[in-house]
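Letters A, B, C and D mark the chains as written, and numbering starts fresh at 1 in each.
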Amino acid sequence: METSSHDVLLVGGGGAGLRAAIAVAETNPKLRVAVISKVYPMRSHTVAAEGGAAGVVKPDDSIDEHCYDTISGGDWLCDQDAVEAFIKEAPQELLRLEHWGCPWSREPDGHIAVRAFGGMKKRRTWFAADKTGFHILHTLFQTTLKYNEIFRYDEWFVTKLLVDDGRVCGVVAIELMSGRIQAITAKAVVLCTGGCGRVFPYTTNAAIKTGDGMSLAYRAGAPLKDMEFIQYHPTGLPFTGILITEAARAEGGYMLNKDGYRYLQDYDLGRPEPKPVLRSMELGPRDRLSQAFVKEIEKGRTIHGPYGEVVHLDLRHLGEKLINQKLPFVRELCLKYEGLDPVTQLIPVRPVVHYMMGGVSTDINGATPLPGLYAAGECACVSINGANRLGSNSLPEILVFGARAGVAAAEFASGAAEQVSQAVLAQAEDERRRLEQQFLRKTDGNERVAVIREAMQKTLESGAGIYRTQKSLEDAATHLAILRERAGNIALDDHSRTFNTELLSALELHCMLDVAICIVHSALSRTESRGAHQRTDYPDRNDRDFLAHTLISQDEHGAIRVNYKPVTITRWPPGERVYGQPTQTAAKA
Amino acid sequence: MEAKKSHEPIFWTLFSAGGVVAALLLPVHLFIFGMAVPLHWIHGPAYNLLLSLAQMPIARLYLFVMCSLPLFHFAHRFRYTLYDGLQIKHLNEVVFASCYGIAVLGTVAAGWLLWRI
Amino acid sequence: MAAGGTRVRTANSDRSESITMARNIDIELQVSRYSPEQDLEPHLQSYRVPIRDEWVILDALNYVKDKIDGTLTFRWSCRMGICGSCGYMINGEPKLGCATFLKDYAPGPVKIEPLRNFPIVRDLVIEISDFLEKLKKVKPWLIHEGSNGQGEYLQTPDQLEQFRQHSMCINCLLCYAACPISGLDPIFIGPAALALAHRYNKDSRDQGSAERMATLSHPDGIWGCTFVGECTRVCPKHVDPAGAIQQYKLAAAMDGMKSFLMPWGKR
Amino acid sequence: MDSAAARARASAGGHSQTAPAYTEFHPRWYRPRISTYWWLGRWPYVKFILRELSSVAVAWTVAFTLFQLWSLSQGEVAYSTFTRRASSPIMIALNVIAFGFLLLHSITWFNLAPKAMAVRVSGKRLPAILISGPQFLGWFAISAIVLWIYMVRT
């Protein structure tokens, strides 16, 4: 088998991967660094982030306030040392991006402009109109072109991590263009493969977000952390799941039920004011808004649409000028995909799966428990998002922890010896044989990728959606076990070597099934409600037993193990999450 | 390559200037002398008057500009039309020499005629 | 395209799940197929798919891939017009598959082919490494000498406005498919890359325009463009590459004239 | 690698020279050829080629004018020969066609000018009409003045 060799290998070419690549190149220009990505880097899903990136920059703001918002927003499941490091470094990273050319929106005097965002008590969200992710990704990608030392494997799919004596020393990957299966060895591997929204039927996530990196790490024996915490974004378009950014609410949009009533006032989120109030009503956190939607359905106050129940997002009172200036992409998306103009019409929205708080368990430098393996971005869980991520924290997260993981991996690789044993090459050879036999040459299967994928998505939606119960989760677990069995019996129409996307989707399906199983089992074990994980059979938060991270892993025999690891609390002891007017806060206390 | 790099802006400038002159001045001239007079929409010019008009220094300058710059406009544009329309970029040298040859010859002819008129 | 190669395939009842959609109205897709392992050249294959109001071309292709023919090969990802993966020729026009509604082509047929002016890898998948080389050539990154330390480079909204439009390029390459020069002259740097170069040149924080001029003012750069204007017309993000290139020509011409008239002046 | 490429070359004879046979793990791209008549069949391309061909009408008009000036310089007899020739049906037909192309050139030229000129006044880009408009007005004015001089002075 052909092999190639690098010092640091970044799996995934999105925001985290590219930021990490630059960090490696800057840390030690002598290192042979490579980015391997299943799509061209500028196609990565970072591109779709809209609203903005939070970073403390204005004089009226402080690191501590951002920390508090993040920690309370995460329902005290955040590791507070990680949060603090993150929030201190976020503005520097955003500034670095500014120096690399990111076209941040500006104040009239030329300084960075900031906007309000859900769950944030201060205005601190940097933005580039409502295409922030797009500009960040392209700025990073174009900046990496400057570094000749960054080698790219574009449109290669990693199928396995090579592990030798407990240490990760490379990957096996398939080149889509040629169908070549190859071992790529490296002293350090950084997973930056993004999230797994595609395990659900309605998601803002792109087709490529299939949890590949989480599954790779899980199969290699690394634990996944807090996988039960899945963020629903309260405002997705009903058929496509296309995201209508939170910035639409930050600029003053209202959430209305079928009576035109701002229903969030009924859910402990404050009183309706004509202008947006920080940490109140429409600017509450995403988990609470999505949960309020389900309650509205139960009350029969939602609107029946062709794709199920919806509520309305009302931007009409903002006026055409503000919408064009601050939310042009929202208008473009509504016109294009819903045939309506938000300047004059209501936007039908529903909660859709948006983000995975959990992921590959890492420390504050992106290191996983497996030596040589690092992770950053949505596929990782450093634990800054806890049980519910605040909007505009994920873009700085990919930058801060992309850079940290890059630096850590570079330092590890600088000190490590090349370790490519015969056993590793044999593993790679075995993997190649597996891919050939189970997929490319297999003709006797009778299952179809899309059928199993759809069944899995429906199972997750009904079993592990916004509200879960013991029964729904157990049913889902049973169902997923059957689906995993069936997935072993997939037959491909396509046996071609060249750009075999059906093979790719089969491999992705296996990754998604791993991730789905982890989600359901993690959710089953956590018998409390916290943030985005709401158990109707255990409606209260239980800090005595569950102020802890779920760690799910599998042993050599494939048996699932769930463990817990205490949350790191430094300066912010667990308290109640209060949103809405200060007067209400006082009344409640 | 280096030589071409430094010259292309000059050719493009001539092309643009010629394009402007051609757009502003040529239609009315062709309209008068190519259509209106031959078709007797307007009366034909008296020879002497026309000659004295053309002999005015300002008119000579005007006519020179009107003839020379549009030829450079033509040379540039027609060159690319041949490249793209006929896919003959490999004949670059021949095409280039012919197009600009016409432009230079036309300009010299115009200068000579207007000098002697 | 070999007309004889046209075969119609529809969903096998045993394979498609219970199809909830109304099947009374459907439409014929004619999709360009090319398998490098079997074919010498592309041919069209027909599929019948239902029409639904909210379906874009991409939904129809995915319907085929999922239910009728798993070998159909195409790129896609975000399906919201921002990742730039799904550019195809749809009835001869370069368009994004995720932003083009199926119902607009009723009663059909709709012809879907790979983007023009690129080598075809397979079916609708084109080879784009050439574009990435060209992109790198124009140095699409901020060049700023001096202090790269603390504090932001100030930029007023007006200064941002100068290049904002040209920064919207999603590299979907529809402009290359629309540009005849890109097809005729493969070394022409092309609309998207030139527009991105212009984007950095017009950025008030950038000081690299002189550096970029060497590449751009080359005959394969801006001078190759004859202003067909199609790149701008097909651009789904209104980047206006044609305008960018002409503006750049004007700037380069001024620059050229200056050094021609004043060779002693500073460059 | 080398041997694979050699195999690819060796098996090329089986099909055609431009399309070597597929070799496992080596992508084989199909490169469509561009027809010589690429500009036919799509209206935007036809329009483009017509616009570019207007340069021939420009050259023709200059040639016609140079011929006129030469006749003028050769005396009254020569000039009357010129006017006679200019009145022949073929010349009139040619000039009508050329005139059509000149109009096409003028209109497209003025309409495209705003694209090339991003004029900004107090931060806002000047609308296209404010750039092309004055050019059209200038064109009409110059044409009117030339016509007026011709009518009055001759």
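Operating definition for what follows: a contact is a pair of C-beta atoms (placed from the backbone, for glycine too) under 8 Å apart; a residue touches a chain by one contact, two chains touch by 3 or more.
Predicted model only: the values in this text are computed from it and were never measured.
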Checklist outcome for this item: Of all chains shown, the one whose Cα mean is least distant from the combined Cα mean is C
Next on the checklist: From the mean C-alpha coordinate of chain A to that of chain B, what's the distance rounded to whole Å?
Outcome noted: 63
Next on the checklist: I'd like to verify one number: the distance from the centre of chain A to the centre of chain C, where each centre is the average of its C-alpha atoms, in whole angstrom.
Outcome noted: 27
Next on the checklist: On a C-alpha centroid basis, what's the spacing between chain B and chain D, in Å?
Outcome noted: 14
Checklist entry - Approximately how many whole Å separate the CA-defined centres of chain C and chain D? => result 26
Checklist entry - For chain D, which residues are shared contacts with two or more other chains? => result 27-28, 34, 39, 52
Item to check | chain B: positions in contact with at least two other chains | outcome: 77, 80, 84, 87
Checklist outcome for this item: chain C residues touching 2+ other chains are 36-37, 121, 127, 156-157, 180, 184, 226, 249
Item to check | Listing of all chain pairs that touch each other, if any do | outcome: A-C, A-D, B-C, B-D, C-D
Checklist entry - Inside the complex, what are the residues of chain D that reach chain A? => result 24-28
Checklist entry - Within the complex, which stretch of chain C touches chain D? => result 34, 36-42, 92, 116-117, 119-121, 127, 156-158, 161-162, 180, 183-184, 226-230, 232-233, 240, 242-243, 246-247, 249-250
Next on the checklist: For the complex, give me every residue of chain C touching chain A.
Outcome noted: 15, 17, 35-37, 54, 65-67, 69-71, 73-85, 99, 121-123, 125, 127-129, 132, 135-136, 139-142, 144, 148, 150-157, 159-160, 163-164, 167-171, 196, 200, 203, 205-206
Next on the checklist: Give the list of chain B residues in touch with chain C in this complex.
Outcome noted: 1, 4-6, 8-10, 12-13, 16, 77, 80, 83-84, 87, 89
Item to check | Residue ranges of chain D in contact with chain C within the complex | outcome: 15-16, 19, 22, 27-32, 34, 38-39, 42, 44-45, 48, 52, 112, 115-118, 120, 123-125
